[in-house]
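Same chain, two partners: chain A is paired with chain B first, then with chain C.
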Partner chain A sequence: MPPVEEFEIEKKSALIGLKSPLSRIKIPIVPVLGVLLIAAFLFSFTIGRYSIPLPQLLQIIWGKTFGLAKSWPVTVETVLFNVRMPRILCAVMVGAALAGSGASYQGIFKNPMVSPDILGASAGAGFGASLAILLSFNIIGIELMSFCFGIGAVLLTYILSSIVGRHSNAVLLLVLTGMVVTSLFNAFTSIVKYVADPNNKLPEITFWLMGGLSSITPREVWMILFPFIIGVVPLVLLRWKLNVLSFGEEEAKALGLNTRRVRYVIIIASTLLTSSAVAIAGMVGWVGLIIPHLARLVAGPNYKRLLPASLLIGATFLLLVDDVARTLFTMEIPLGILTAIIGAPFFLYLLLKGRHGWE
Partner chain B sequence: MKLEIKNAACGYGKKNVLKDISVFVNSGEILCLLGPNGVGKTTLFKTILGFLSLQHGLITLGGTDLSTMPARQFARKLGYVPQAHTPPFPFKVLDVVVMGRTAHMGAFATPSKNDIEIALSSLERLEIGFLKDRAYTEISGGERQMVLIARALTQTPDFLVMDEPTSSLDYGNQIRVLRQVCRLAKDGLGIIMTSHFPDHAFLCTSRVALIKRDGNLVCGNAHDVITEENLKETYGINVKVTEIEGPNGEAIQTCVPLMN
Partner chain C sequence: MKKTKTFKTLTALLLCAALTAIPLTGCSGSKAAVPANAAGANPRTITDILGYKVTLPAKINKIYCTSPVGAVMLYTVDPDKLVSWNLTLSDAQKPFIKKQYQNLPMMGNSGTQFNTEQIIKQNPDIILDFAQQGQVDANVKQLATQTGLPVVEMDTSLEATAKDYRLLGTILGEKKRTEELASYIDKKQNSIKALMDKVPADKQASVYYAESADGLKTDGSDSMHTQLLKFLGIKNVVTISTSQNMKGTAVSMEQVLNWNPSVIIASRQMGGDQFLKSVYQNASWKSISAVKNKKVYSPPVTPFDWFDRPPCITRVLGAQWLAQTLYPETVKIDMASETKTFFSTFFSVNLTDDEVKKILSSES
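Moving on to the complex of A and B:
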């Protein structure tokens, strides 16, 4: 317990705090992150096995926008618009989707250790894709199956938690049933792998589960674009309410929030984002957990800035990691492996640094 | 205005905890709710706040049935001050206090300049303006309780419901918080608070609702309700209620628990 004279001491330290010049300087975090994303976006176009220097890139973009005569080779244009652009756009959306839904889930479940797959979305989507590969579906089939099973797993989590819980602690039950559903679908995936042909199907399933954007075509851009917009807009609009929700159901209600409605909208939007990201990129772990933490370090815990910051950092991060994945070696490195290699030590660093932003 | 609980029965689901509770608070008045652990003080609070539905009876505010009031309107009339706790994220104190504006803001809005002004004036009203840029998770328990009161004031309610505002505070901070509670009542707010100290009711010259161990409720002025017999029936211990002379010659009532 604090000493009796605590109020006085605090007053003094607050006065000293006011005089420090650092507190006066306000960096517009979100615009800065936006500029960083644009820089990473342009940079990503220039690198790859077929390297395109920045001046030529700008010239092509300039020429394309204003319909100037082509002064560049056709191969460059094909690489840019049919190969690189879709991949870059998908990396941006997948990264933003995973980080944004992670940040939202953390607020709703009042727990900074929560990640977007907590309700079973990733496990369900992974099973859907594995099953589709086993049944020799084409790429659209795989993505649709993964999407449907992702949403289905989350629905199952809901139904189970409402049967078990009725009126009691809804949030804790959701997390617990989410764990049950996740492990159930992971078991299903194992069955699929077990019966899959070890010569062709099993490697394909395994590789898909590792996550990656190597098979992206312009079609995938459209596949993720709509769920991405439908998911991201409500989160951005309701972002401030996440602050209130993170104080818990009862307090939020007493503050005048329709907790039920807001919570459902945010969970549905976040799940849509997660499932659509998993559907086109496979299992890309860690982004939804560590990016919100990173965003909290630079933008603070207020969701007014935290959510946009998470979206932007997530997009930039996955874009750069995907750049590494496609350029480091002649063979692609699965994205999920890279995000884990970067994510795990970063998470350890957060633990060592201790208690900052959580606990 | 009057917040009135009439013949209320409350509990969890079908399980009944309290029966036939009738009590009221007027604007500008403090009602101190006393009772032993587990008798149902929290249940009654949760029922007043609408977290639990009434099993029987009626709760009205200025004549309107509270159970029919939408959450937003409810929050503009009645502010809730929970026990101080630590949220998972280190929000700035000002950000926490601005959350009191939720019921006044649009569905997709973020706080306006006006909302922030109101939050700042709530902090000033409690003389804790210096805390505004501190992390809510890093201030002391007493300060946190004050911040939660400021947040409830930011709702601009007519009534405050305070759940043990002095619990887990040191001796000095308990009195500091009570001083502010008395001031708010003088300014015209109606306040219901729970406490484990009968003395607090004397200090705030409040009305008292005493829930005895058998679930019976005694209601009235502190002097009439806080008697040696009633305290014995409530807490099961012997208590001496006595009067001492204050520094200006005024009479101060106080309770002294006895070891045997």
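Moving on to the complex of A and C:
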């Protein structure tokens, strides 16, 4: 992109309140974030409730890569490759998925308060899972139901909004119908919880809704991998169009963009990401809302850098938070609680920081 | 003109008076209902298990139990006084319950919400509540305030079971029946405890209680869900306190591998069947001593779970079952005959040998 245009974007973004104080410092921000993620990934490997001394860990990895004879206990290998590795991979993908779809939604809805569940994906997924638990489905069934209902809820939002407003403000209508669908599905979940047997089903549903990565097995890695790739690739490829969309419908049209089609593709990709993340990790709030803000702070408002930065920061953030969730106490701390405890004060900090700009 | 205005004022005043009168009469009506409800000449005062003094009507015809724990106990004494099961009986449970009591209405319970009007409609004389670790749920207190009914508190712990029965006998005036059941419980509990004392120290099992299909939800040693382990003095590897969270806690696979329990008890109601199917194939679980030695058990659930959920009287039988499953060399009990005796004593059901086999096998 020529520098003049880039300057234009930054100037315009400043006008709509997406100003970034660090954007003028010229450091290759995306590669730096990539290195941070790799560091966090390696660090996460060394910690856990089952303590593995570092020399033994290195010996196993060394032995595995070069196909040496096993000179370590099987249990340790199981912990590393069957328990810890899938969980780390899933934390990375879930974090990236939530932050990436959050950043995209904030772009197409031109609203920094939007999170990836705005169109009902989380509420739908939660209901799907609750229903599956009520009907005694197995684990795969629960995850699939959750995934399908997540997508179904967003589809419902989209259809309803296009029925209601044929030619009027499509973005506002989407958000409004999204709210309706969200509360509708939340009510359905409450009904399921009400009829569920408090001796067995109710605790199971409550558990699921709290969210967390404790149930991750290698199978879940495969389950999220494909929706993740299918969702992330279009977002990364279309990220410059998000710049144009975030200026507003008319300007985007004036620049010759088929806003409807682009919005459609981005919504599908983001929904795929959110639903697959919720299906295996439950409700993990705040990541999709605050990480894009943090990314904007370090990478600037240009989606060319903002989107990769969001993906990388989201992955690193959730990985580290999950490290705390799985290692701090004997019992697991529900991931959703931790992200809220960290997320809410941070968001407040952002609001306080931005106050000067709004006054 | 003036006349209309006076008329309007008058109407308004009358309306106001009428409106104030409604709550007044309503109030006096409900006040009158209380003595009528506490019928009979001689209301009695008893002390319940938690030490509360409760005034009861002389004759009790119906009891509303806030949870299945009380409902099951009351059924074994006098099913005619049972208002609701507080759970939906499954097709597997129904054959062991007399037909006329199979379809009692569901009225919510302390785990969710009460349907207060439905409860009042059944016109129970008292509310029977089982407190968990001495704590009375806020919604039970609220139900008592709303209905004006006396609440009798009992204790879910296994040690209190015989005591609970005796108190119920006093309340219902059926001491003969409850004494029969209470002395049975005393006898069985004392003998199983004596047997447990003989288990050699080096043979002691360490148990993990799996409460989900993936096996990673559990309850700590202080929870009401693991009281059976505590009662038998069996070590629960989960020593953390989880009682404040009645719904248990999630733990990581690494943590379970770290605990390396020698026995796993899988709750059949909480995904245990699925867990049992996958646990021997799962690479992570295969590293655990209990799985290596094929010591993953799921307690019988007929007619109510023998281990937990609800934590009711079938746990008396569950204690015998668990002790002889874990320590077959020390605890030699004929479970088939014990099961038959228990079913005929408590549920007036005579089991056939096939039925006993089915109940004791993990397929029931």
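Rule of thumb we're sticking to: the second predicted complex is superposed on the first by the 322 of 359 C-alpha atoms of A that agree within 3 Å, B and C clash if a C-alpha of one lies under 4 Å from a C-alpha of the other, contacts with A are read in each partner's own complex, and residues count from 1 in each chain.
Here is the rule we go by: contacts are C-beta pairs under 8 Å (C-beta built on N, C-alpha and C of every residue); 3 or more make two chains touch, one makes a residue touch a chain.
Given the structure is predicted, the values throughout are model-derived calculations rather than measurements.
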{"item": "Touched partner set for A:Tyr264, first chain B, second chain C, both or neither", "value": "neither"}
{"item": "Touched partner set for A:Trp62, first chain B, second chain C, both or neither", "value": "neither"}
{"item": "Chain B versus chain C as contact partner of A:Phe226, first or second or both or neither", "value": "neither"}
{"item": "Which superposed partner A:Thr330 touches (first chain B, second chain C, both, neither)", "value": "second"}
{"item": "Chain B versus chain C as contact partner of A:Val74, first or second or both or neither", "value": "second"}
{"item": "Touching partner for A:Pro112 - first (chain B), second (chain C), both, neither", "value": "first"}
{"item": "Contacts of A:Trp240 with chain B and chain C, given as first, second, both or neither", "value": "first"}
{"item": "Residues of chain A touched, compared between chain B and chain C (which is higher)", "value": "B"}
{"item": "Which of chain B and chain C A:Tyr349 touches, first, second, both or neither", "value": "neither"}
{"item": "Chain B versus chain C as contact partner of A:Gly256, first or second or both or neither", "value": "first"}
{"item": "Chain C-contacting residues of chain A that also contact chain B", "value": "none"}
{"item": "Chain B-touching residues of chain A, taken from the complex the two chains share", "value": "1-4, 6-7, 10-11, 14-15, 17, 23, 106-107, 110-112, 167, 237-241, 243-244, 246-247, 250-258, 296, 300-302, 304, 357-359"}
{"item": "Chain B to chain A touching residues, read off their complex", "value": "13, 46, 49-51, 71-76, 78-80, 82, 87-92, 95, 99-100, 102-104, 107-111, 130-131, 133-134, 139-143, 151, 155, 168-173, 176"}
{"item": "Sites on chain C touched by chain A in the complex", "value": "68, 87-88, 109, 111-113, 211-214, 216-217, 238, 240, 242, 247-255, 257-258, 267, 269-271, 274, 282-284, 286-287, 309-310"}
{"item": "Parts of chain A lying in touch with chain C, wherever the complex brings them together", "value": "48-51, 74-75, 78-79, 82-84, 138-139, 193-194, 197-200, 202-204, 206-207, 212, 214-215, 217, 326, 329-332, 334"}
